[in-house]
Amino acid sequence: MHSAAPCRILVVNSNTTDSVTARIARAAEAALPAGCSVEAVSAPFGLPLIVTRADWSVAGPATVAALAARRGQFDAAVVACFGDPGVDAARELFDVPVVGISEAAFHAACMLGRRFGVVSFTAALKPMFVDCLEHAGLAHRCAGFRMGPAFSGDPGRVAEERRDMILDLCRASIEQDGAEVVILAGGPLAGLAPELAADVPVPLVDGTAAGVRLAAALAGLAPTRRPHRTRALTGYEPGLTGLYAEGPR
Amino acid sequence: MHSAAPCRILVVNSNTTDSVTARIARAAEAALPAGCSVEAVSAPFGLPLIVTRADWSVAGPATVAALAARRGQFDAAVVACFGDPGVDAARELFDVPVVGISEAAFHAACMLGRRFGVVSFTAALKPMFVDCLEHAGLAHRCAGFRMGPAFSGDPGRVAEERRDMILDLCRASIEQDGAEVVILAGGPLAGLAPELAADVPVPLVDGTAAGVRLAAALAGLAPTRRPHRTRALTGYEPGLTGLYAEGPR
Amino acid sequence: MHSAAPCRILVVNSNTTDSVTARIARAAEAALPAGCSVEAVSAPFGLPLIVTRADWSVAGPATVAALAARRGQFDAAVVACFGDPGVDAARELFDVPVVGISEAAFHAACMLGRRFGVVSFTAALKPMFVDCLEHAGLAHRCAGFRMGPAFSGDPGRVAEERRDMILDLCRASIEQDGAEVVILAGGPLAGLAPELAADVPVPLVDGTAAGVRLAAALAGLAPTRRPHRTRALTGYEPGLTGLYAEGPR
Amino acid sequence: MHSAAPCRILVVNSNTTDSVTARIARAAEAALPAGCSVEAVSAPFGLPLIVTRADWSVAGPATVAALAARRGQFDAAVVACFGDPGVDAARELFDVPVVGISEAAFHAACMLGRRFGVVSFTAALKPMFVDCLEHAGLAHRCAGFRMGPAFSGDPGRVAEERRDMILDLCRASIEQDGAEVVILAGGPLAGLAPELAADVPVPLVDGTAAGVRLAAALAGLAPTRRPHRTRALTGYEPGLTGLYAEGPR
Amino acid sequence: MHSAAPCRILVVNSNTTDSVTARIARAAEAALPAGCSVEAVSAPFGLPLIVTRADWSVAGPATVAALAARRGQFDAAVVACFGDPGVDAARELFDVPVVGISEAAFHAACMLGRRFGVVSFTAALKPMFVDCLEHAGLAHRCAGFRMGPAFSGDPGRVAEERRDMILDLCRASIEQDGAEVVILAGGPLAGLAPELAADVPVPLVDGTAAGVRLAAALAGLAPTRRPHRTRALTGYEPGLTGLYAEGPR
Amino acid sequence: MHSAAPCRILVVNSNTTDSVTARIARAAEAALPAGCSVEAVSAPFGLPLIVTRADWSVAGPATVAALAARRGQFDAAVVACFGDPGVDAARELFDVPVVGISEAAFHAACMLGRRFGVVSFTAALKPMFVDCLEHAGLAHRCAGFRMGPAFSGDPGRVAEERRDMILDLCRASIEQDGAEVVILAGGPLAGLAPELAADVPVPLVDGTAAGVRLAAALAGLAPTRRPHRTRALTGYEPGLTGLYAEGPR
């Protein structure tokens, strides 16, 4: 039995809502590999919920700022916001792996079956999800999207309220779209996959769990030491400005 | 002879360097269609130069903040930074057309020839340009990139210093890659196209000029009235926060 | 306020039906930028309506012949036939921009939103539209097609007769396909976009208007001086034969 | 031993040069399957050589006119011009298979190896070849193009004059591009493949031979009876006008 | 009238069910070109029916073993199992053309119309068909799949039992998906195309017939003499082991 | 600090050479996550080295047979042969994750940088690697291949003998192709990445290490319970036949 060095995983919720961060923290804990620890933090500024591309844009620096505030204190990071705001930027700025939960879900799904479906509770998220899938370059592996109608209730309760609908969408994805794996997408569905697994005949992928496990996997794989480029950033809070000026450490 | 309503075009330089803004303003003026006026502004915060994806990330909100500071005062906007930071976000937030100079160059080039080459003075810009091209979905129309070596001099003088090299790269793009149109990419090359045109046997496209002319063209085409969604943004300056809260007007 | 040189735009209706040419002329006039003039002409020979690929084939030389008949008298040209017959050929033969209304619609739509829907009155046009979209290389930006059933009435009246159906198809494109912009495709729908705009929550793009505005935009952008190759064409009328022999002027 | 009905194959040279037609006729005869006969004809009008997209445009109706002149007298047709002018149109207008030599070469090559290279004597043909490959949708199966420099001599002698250069290009295609099959493209190379085969370690595909054999194969496969649509074509010679008016027979 | 050398075609049914082999033999005979003979054989080991990717994997060596058992005795081979198991391997191991019936159907369909539909009797086959289509690189030419529901009866009788359903699926493919050609896919539908042709307004393609005719076409086209690489295979029956050790002859 | 259930990983070398299996075992041990154990086995039959598609075909059942021999005794499996033979089949036949080292390398690389290069010691492997990359659907994320010349020495020593050449290829991949991550591909290079990492300015990915870490990550993520379909396989050894008949357990 092997025993590797302990791995500290920082999970950033790209929005500012602490109750969502708590939910994400629980899902991350449940998926944590042996020998790892996890800390979940909210974005230090930005928006309470990330839905549109405009939201995504301001969430990018906010996400990187959350990472900057902990620099030197984690071995891998997970950006726990479907759409992966700030991930490409953070990957250039840090010497440890940074993984977004949507890309993690897509890549994990590809290794569990040939074509994956994407299921979520509301169609409002689809444009950002599609952008994200195309950015990952995996649109050809996707069997299709199945999303519920507009939702204006409490995101913290939608997983319970729309549980049956989500299950029906999973089945439609499998039977009508030919999905061989199903991704349950969107922060508010974090932790739902294990509850539905017994009723669905293909693997279900939860983004947060995939993100935590793949970030830990990558942490032990390839040390990253990209050269740092000093930049004089203005108009952002000191943590982010310091990161741009001084690099990751 | 037709006489349409006057069209006010706002050009945002996504970095904070006013001398570059001045250069862009001159190129925009030179390309201005009849009946239009133009104003060029720098980003109110951010970085003096945008090169990497990390730079692009912080330039997005800075670009939108520049637009927010003038809201209600322009009929079309141009984001004059190759890479188009903030454009997707701005498009959701404003009711007037917002065009990035790289997408403008790609789309203009497609209507001037079947395959376009992209030429720039330094290879350091290539990763962001490639991302941008793929995001536009036009990679299949691109004949290839031809970029000069690393450059550490004054960006404001590179167009003169590397004029002959740029010309050679244009010829290589045409003769070896089969380009039928060539895009001169990157802010520091703004205004160079007309100077080289006599020595190059295919159309040369300048992003700033393309951006200004296409933004003006779109301004008269399709009125946009997207519903606004009130968002409580924190951690950014008041102009941007106001835009998220109140919408474009 | 800027004042550029006047720009003469020639619009060619690729079929021989003068009443359609008149409708196109009105739509072109309505979209004309400041400082531009427009003339619309019918194809000098060919077919009264262009529907199939066989029609498209004979319409190509007919379209170029219409341009040849006016050579030296226009600063930009628009081919006002969805499918863009003759456009690739004309682009090689003339030193001024030549733009097809379908490519113009696709490129304009891409700068107004992330994914565009295509709506038209009859499914019979779909094969040629799909060919055209793939030729433009923008299939990945298209959210889908929504077309009405077979139509055998008067094309000149279909815009009024099927107005409500078109509106329903636009809504389906937005709500079910996720279109963020909608193209109203096909000559018989020219001029309908402004009438429907108030009832549709995303930008509507009319091909003729897009073609006129983008052709004018390109006219001021990049002078084209491709070398001419003398060719001894036989079996076509003198205008086309002259163009192949002598070049654009 | 099976004995099918005799199959009459009409081969159309899309240009008007009879000496090229004679060369094509010999290559077609050499590749003829058992039980088939072949006739080769020149285009009744158009150009002596097809190189550019402008050439391709006028060659389309000329090619269909050649077919129209023999309607009812052939069981399958081959368009022997790399670029396949008029093929999509002819396919809608006739009830027998019509195959272009470039698409035939691409499809045959795909069944002989995983990735094919394209070799020709002059780079001037590349743009039209690339268009044609993309139109066939097989760009992903292509390992690359290897073309000689500009050529201004007699096309009827280029196969002999540039024989060694073609052989070198074949080897570069195999060794550097990874081609597992090589297509010798362009009418002037018709008949060269058998001469070079002994010196090349992968299959060589000749477009004319592929066209003749695949057209014969398809003739026995699927009877085509598309409904005819009467069209009142003007400005073309009587054969083509008759075909549009009356259909294939 | 031309008379080529006789061509011996070996057709391998990749499964072990002799009644299916007999059906395939009849379809192959019916499609046989002049001057050709055909022999059909079953796989010497493996599975009675090939449905899944796991089935496809074991059918590959079984198919090649069937070819190895006849080496030196055929001029072209057809692998008569939709999914084309063993075809890429056989193509490297033999000096004569080896064609799979699915790739043959795809390529033939592409030369008969712009977009093809795929129709089959049961959705269970779809994942393998989609893999196969993507492997051929022709997904962009496919208008869509139309498959019947799960089937648990006798495959040898499904063509009769589900005849009307297949006809309805063909019509849906044409009218709703825009198919211009329809492929009837799957061994159990071999021979059905000619029976349905009169009721369907576009060409119908049968994989076995396409495979036989295209294999014969290729046999006369390009002699293949790939260098053989001696390999010491273990754990398979002597025919296959001999082929790997000694090459095709 | 979290402590998950122990995870038994079975690594299959798809060829029959035990010395290569030993090398793979060492690389797997070195990359093993905390709480995991690993066992490496050779294929029970097949070939001593897998290079071509013909090799890949017979290696598929051999790989699955190796897994069948241990069924019920592992929680995740890695197929340690670049090209991933048998992986799609195994994924259908087992209820635990099965990961190939090439797909693992591709997916890991995508999460470490935007575009990855592929470096290996001999060009002979390129065709199979390209097939594999396209099958994974990630060709658009690949910056290019850099391979050494033909190699006929001892694969077990090539990593040492060609160390400097590999390093040069890595640098060319980064500097000329724009790779932001480099995959060292092919079994004989297993374990080389950590040795070169200090001399390469981007992350280096080793397939075996990536396979082991991602397989362990997936093992804890999504329980797979696909329904088993009983199949009567003949002509293979009892382990494989039993797996097809009885399912994974």
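Quick notes on this structure:
Each chain carries a letter (A, B, C, D, E and F) given by its place in the written order, and its residues are counted from 1.
Following the convention adopted for this analysis, a contact is a pair of C-beta atoms (placed from the backbone, for glycine too) under 8 Å apart; a residue touches a chain by one contact, two chains touch by 3 or more.
Quick caveat: nothing in here was measured; it's all calculated off a predicted structure.
Graph distance from chain C to chain F, where chains that touch are one step apart, equals 2.
Considering the contact criterion stated above, the chains in touch with chain A and with chain E alike are C, F. Inter-chain centre distance (chain C to chain E, centres taken as mean C-alpha positions): 44 Å.
Look at where the CA atoms of chain C average out and do the same for chain D: the two points lie 31 Å apart.
Across the assembly, chain A contributes 53, 88, 91, 114, 131, 140 as residues in contact with two or more other chains. Here the touching chains pair up as A-B, A-C, A-E, A-F, B-C, B-D, B-F, C-D, C-E, D-E, D-F, E-F.
By the touch criterion given at the top, residues 16, 44-48, 51-58, 60-62, 64, 86, 88-93, 131, 135, 229, 231-237, 240, 244 of chain C touch chain D in their complex. On the side of chain D, the complex with chain B involves touching residues 53, 123, 126-127, 130-131, 134, 139.
Those residues of chain B that touch chain C in the shared complex are 1-4, 6, 29, 31-38, 88, 91, 97, 99, 103-104, 107-108, 110-114, 136-138, 140-141, 181, 193, 197, 201-206, 209-210, 213-214, 216-218, 220-227. Put simply, chain B touches chain D in their complex at residues 114-115, 140, 178, 180.
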